[in-house]
Amino acid sequence: SGGASDDGKHGGPVVLAAASMHDALEEAADEWAGQGHARPVLSFAASSAMARQIEAGAPADMFVSADEAWMDELEEGGFIRDGSRAVMATNALVLIGPSDGSLTLDPVSGFDLADALHGGRLAVAETESVPAGRYAKAALSQLGVWDSVKDRLAPAENVRAALLLVARGAAPLGVTYATDAASEPRVRVVGTFPAHSHPAIRYPVAMVATSKAAEAADFRDYLLSDAGQAVLAGHGFGPAEQAAHD
Amino acid sequence: MSVFDIDITVKRPGRRIALSLQADESVVAITGPSGIGKTSVLDAIAGLLRPLEGRIAVAGRVLFDRASGIDLKPEERGCGYVFQDSRLFPHLTVEQNLTFGLRHAEGEALTTLAECADLLGIAHLLARRPRALSGGETRRIAIGRALLRGPRFLLLDEPLASLDDDRREGILQVIERIRDRFALPMLYVSHNPEEVRRLAGKAVAL
Amino acid sequence: MSVFDIDITVKRPGRRIALSLQADESVVAITGPSGIGKTSVLDAIAGLLRPLEGRIAVAGRVLFDRASGIDLKPEERGCGYVFQDSRLFPHLTVEQNLTFGLRHAEGEALTTLAECADLLGIAHLLARRPRALSGGETRRIAIGRALLRGPRFLLLDEPLASLDDDRREGILQVIERIRDRFALPMLYVSHNPEEVRRLAGKAVAL
Amino acid sequence: MLSPTEWQIVALSLKVSVVAIACVLPLAFALAWVLARKRFPGMLLLDALVHLPLVLPPVVTGWLLLLSFGPRGPVGRLLNDAFGLAFSFHWTGAALAAAVMALPLMVRAIRLSIEAIDTRLESAARTLGAGPWEAFRRVTLPLAAPGVLAALVLGFARSIGEFGATITFAANIPGETRTLPLGIYTALQVPGGETQVTRLALVSVALSLGALVVSEWLARRGAAGERKGHVL
Amino acid sequence: MLSPTEWQIVALSLKVSVVAIACVLPLAFALAWVLARKRFPGMLLLDALVHLPLVLPPVVTGWLLLLSFGPRGPVGRLLNDAFGLAFSFHWTGAALAAAVMALPLMVRAIRLSIEAIDTRLESAARTLGAGPWEAFRRVTLPLAAPGVLAALVLGFARSIGEFGATITFAANIPGETRTLPLGIYTALQVPGGETQVTRLALVSVALSLGALVVSEWLARRGAAGERKGHVL
């Protein structure tokens, strides 16, 4: 087939990656290319869209999901190469507010989140479908505050949009990944959710079953290597190992 | 006070058309070869085309006077204009076309809808739309619309073109009756010398 | 072989129009009151309106025959049709309107563009668009377009309506010349008895 | 057939779209009329502004709405102080987003119809005593009906399908701003959500098919009186 | 002003939109003509089908494209076997998505213009010897020009702004399918990417402003010959 990976224009493997990994993977790709390899072609979109592209037979080589559910789905369908799945990075969940505020609020059991909203809404990624939102719901439930805020949510399309709502003052507080909060100067971290309050936030990586690109597997291995992990850590992602211990 | 006191110059691409008309007769015919500017002059009197200069007064009422800055809007002039191209409203029925101007009647009521439809032989067409009419039917409805509007004066641009002799005679009689009973001022464009002789007290050639 | 051999019934909402015409004369006038069906009959002969039944033959050529299933398309009939409502193409210049059918000339060339524009007095209008024309100018261009199309026969629906006497005379002479020189069959709708007398060898009243 | 939650989504979508289109129609007509009939400096700029929501990715439009109509935006603050109107996280915000996204389509359709009107008919109405406004109401407006009808269909369809600007500006709040596309999107994010996606998508299609049927019926009713008996 | 990567995005967007609109125009015209002139059973269905990409959230349209035109989709397989045409991860896929999303807008605009044409003019052309096709080419087509022009502007603007269907169907491949809206989306993921977002959004606006200027100029040229000297 005449897909992008084998028309010679793009030497490198085609990597479908969760949008929230953009900066980290771009830097990793640069590093990799700097070592004399063909630069991987990175396509960022929502995990659901990319999983469907793989199911439809699109000529991708590698998939980095923000969501284990989609990776499970692909694995069950036989769309990913046996044994190639691994956790590439982890993340933490934080409560954010505008950077000009001074509120600190420790997300511990029963903390008074509803009150801190002062009648405003809590920006989150959509809590049924978007991974960041599902983690937020899990954490808030576990801490016993879900019922007090579940009608006071501003569910956004994805975690970046939730970030934007807080940055623009449309919502006084929000729940995002630590990596997102670190990247936006107009917000500050008000508090970090304890790791035990939500399922581990893992970014699984895997090779697409039909991948034929020469160095695809090598790039995956690079990402999991110390050098690759160092790049990811530079962008605030937690190490792959941590997840493995869960 | 003359019925018509008109002295205007109208601009058309590449030419100017001048009309100077002082008349005490209530019906004045305007003649002249095709393309000379008859329709343009009527448009100017109706307020659809602004003259370069001059003055228009009909029955003592000043409609336009460049010098004193008077320029009545078309709807204020109270004319009943039978356009050369009829201009029936395609979205309205014949009846709705006929009664379009009723609510703005300015002069005396010249006729009623029933009488007018009868005189013009269009009573059977009232529910139709203009697109499904013959050429002569269209013409007759255009005449009816102008009469029913209760005008202060009439502008008739070849009203009887494309009508057969019997119809033509019937409508000529209607116009004569209006002329005699209401002394309504009329400007009548026609190429038919007999019509002109019969109707008009005066004829100006452009 | 007769020039016109026509026997048709045409349907119009609420009525039927019948024309039966056998004529050896090359010009036949069709008269009748407004709304009787003259235009409908011409439309049927031009192939724009399908007769309910009957037969149409002009100069020995069968254009329509219900019985034998013949029904030539309008473009195959080779008529030069001067529509009552002119129907100039608004997006084309006068010259482009005139020469629209040139490439499909079927009969002999009756005239050239230059000659035709000259005879009809429209030479100065060639670069204009139809919207900026007077009523009589529009009419003359419609006539020119039909003549230049190189027709096998002409359908003229009140071609001289809204033209002044001089123009009318000039165009009558042109039509007479075409009649005499080319023996071109013509159906001529007119309300003017004098025109009918002068041009037509025969007149049928609808 | 549909669950209560799904019915809620459908009802909300209808409310949002109907309100959006009803409110934006007069504005669309006014803009179309001005663009069709007037020549003025800055006309191109106005034209471009109207097209903006078409050109920009919907998310950017939503973002711009947030900047201007959000609680801290200049217009948003004004409207809130003056009329107590709040848009963010409110169904009115979804309606505003739908209206803004539908506007360019509606303006174009109406403008095309207005440009096709023979202005000589308006002159005729004026000589019959109708002032500019009456001539507009009795001649221009009815003659522009095909464009208005097309605008309603296009606008309604577009607003039933509007996603990006809505979710960015008004968020995805069940019962408040979760319209059909947002419901569909939510379902699309989860593996196995396809059956719900299909169900909601079919409802969307049914809604705008309904609008189509009504519009074609209205169009035919309007044209019926003008039918010609001609073969060609 | 723009970086090389940004220029690449702009050039790609132009290529995708121009190819999409050029390819879909004849189809849009044909559909508009059929819907305006023909009455046939199933007409409403065709009409609804054309409107589909307007009603459905773009992401769903992209998904449907993936299912039918993807490498495993029935149409995709056919086109690949017959012509070696592949869409996924390829700029042709972005063009296909843009074309599909622009189609309903283009069909409506052209249809409005065709419906406004006086069919008696086509009859006149037929009596002058022009066959149906020639009458179409010399009368119908030029008289539909305002609609075609509007269709080009709407379609171009829509395809310049198309995001959801493209990213779902053709992915977000730099240099291949990362058009302006996808570039904007990508920039939104980057800390401080808002200046780049603004820059790319301005380029989008400039592109379609250009298209607007050209179209208004063409429209005025076409109308120039028909100007009337009348006050009203």
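As written, the chain order gives the labels A, B, C, D and E, with residue 1 at the start of each chain.
The working rule: a contact is a pair of C-beta atoms (placed from the backbone, for glycine too) under 8 Å apart; a residue touches a chain by one contact, two chains touch by 3 or more.
These figures come from a predicted structure and were not determined experimentally.
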Any chance you could name the chains that touch chain B and chain E both? C, D
Higher number of C-beta pairs in contact (A-D or A-E) found for A-E
Would you mind pulling out the distance in Å between where the CA atoms of chain C average out and where those of chain D do? 49
For chain A versus chain B, what separation do you get between their C-alpha means, in angstrom? 79
Return the distance between the CA-based centres of chain B and chain D, expressed in whole Å. 44
For chain D, residues that touch 2 or more chains besides their own: 59, 120, 123, 126, 164, 185, 188, 228-230, 232
On chain B, where are the residues touching two or more other chains? 13, 47-48, 74, 85, 132
If you look at chain A, which of its residues touch at least two other chains? 164
Listed in rising order, the residues of chain A that touch chain D in the complex are 46-48, 51, 69-70, 72-73, 121, 123, 126, 128-130, 153-157, 161, 164-165, 168-170
Please name which positions on chain B make contact with chain C in the complex. 13, 31-35, 38-39, 84-85, 121, 132-137, 139-140, 157-158, 161-168, 191, 193
Applying the document's contact rule, which stretches of chain B touch chain D when the two form their complex? 46-48, 73-75, 77-81, 83, 85, 87, 89-91, 93, 100-101, 103-106, 128-129, 131-132, 145, 149
List the residues on chain D that touch chain A in their complex, please. 59, 63, 66-67, 70-72, 88-89, 164, 167-168, 171-173, 185-193
In their shared complex, at which residues does chain E touch chain C? 120-121, 123-131, 135, 138-139, 142-143, 145, 222, 225-229
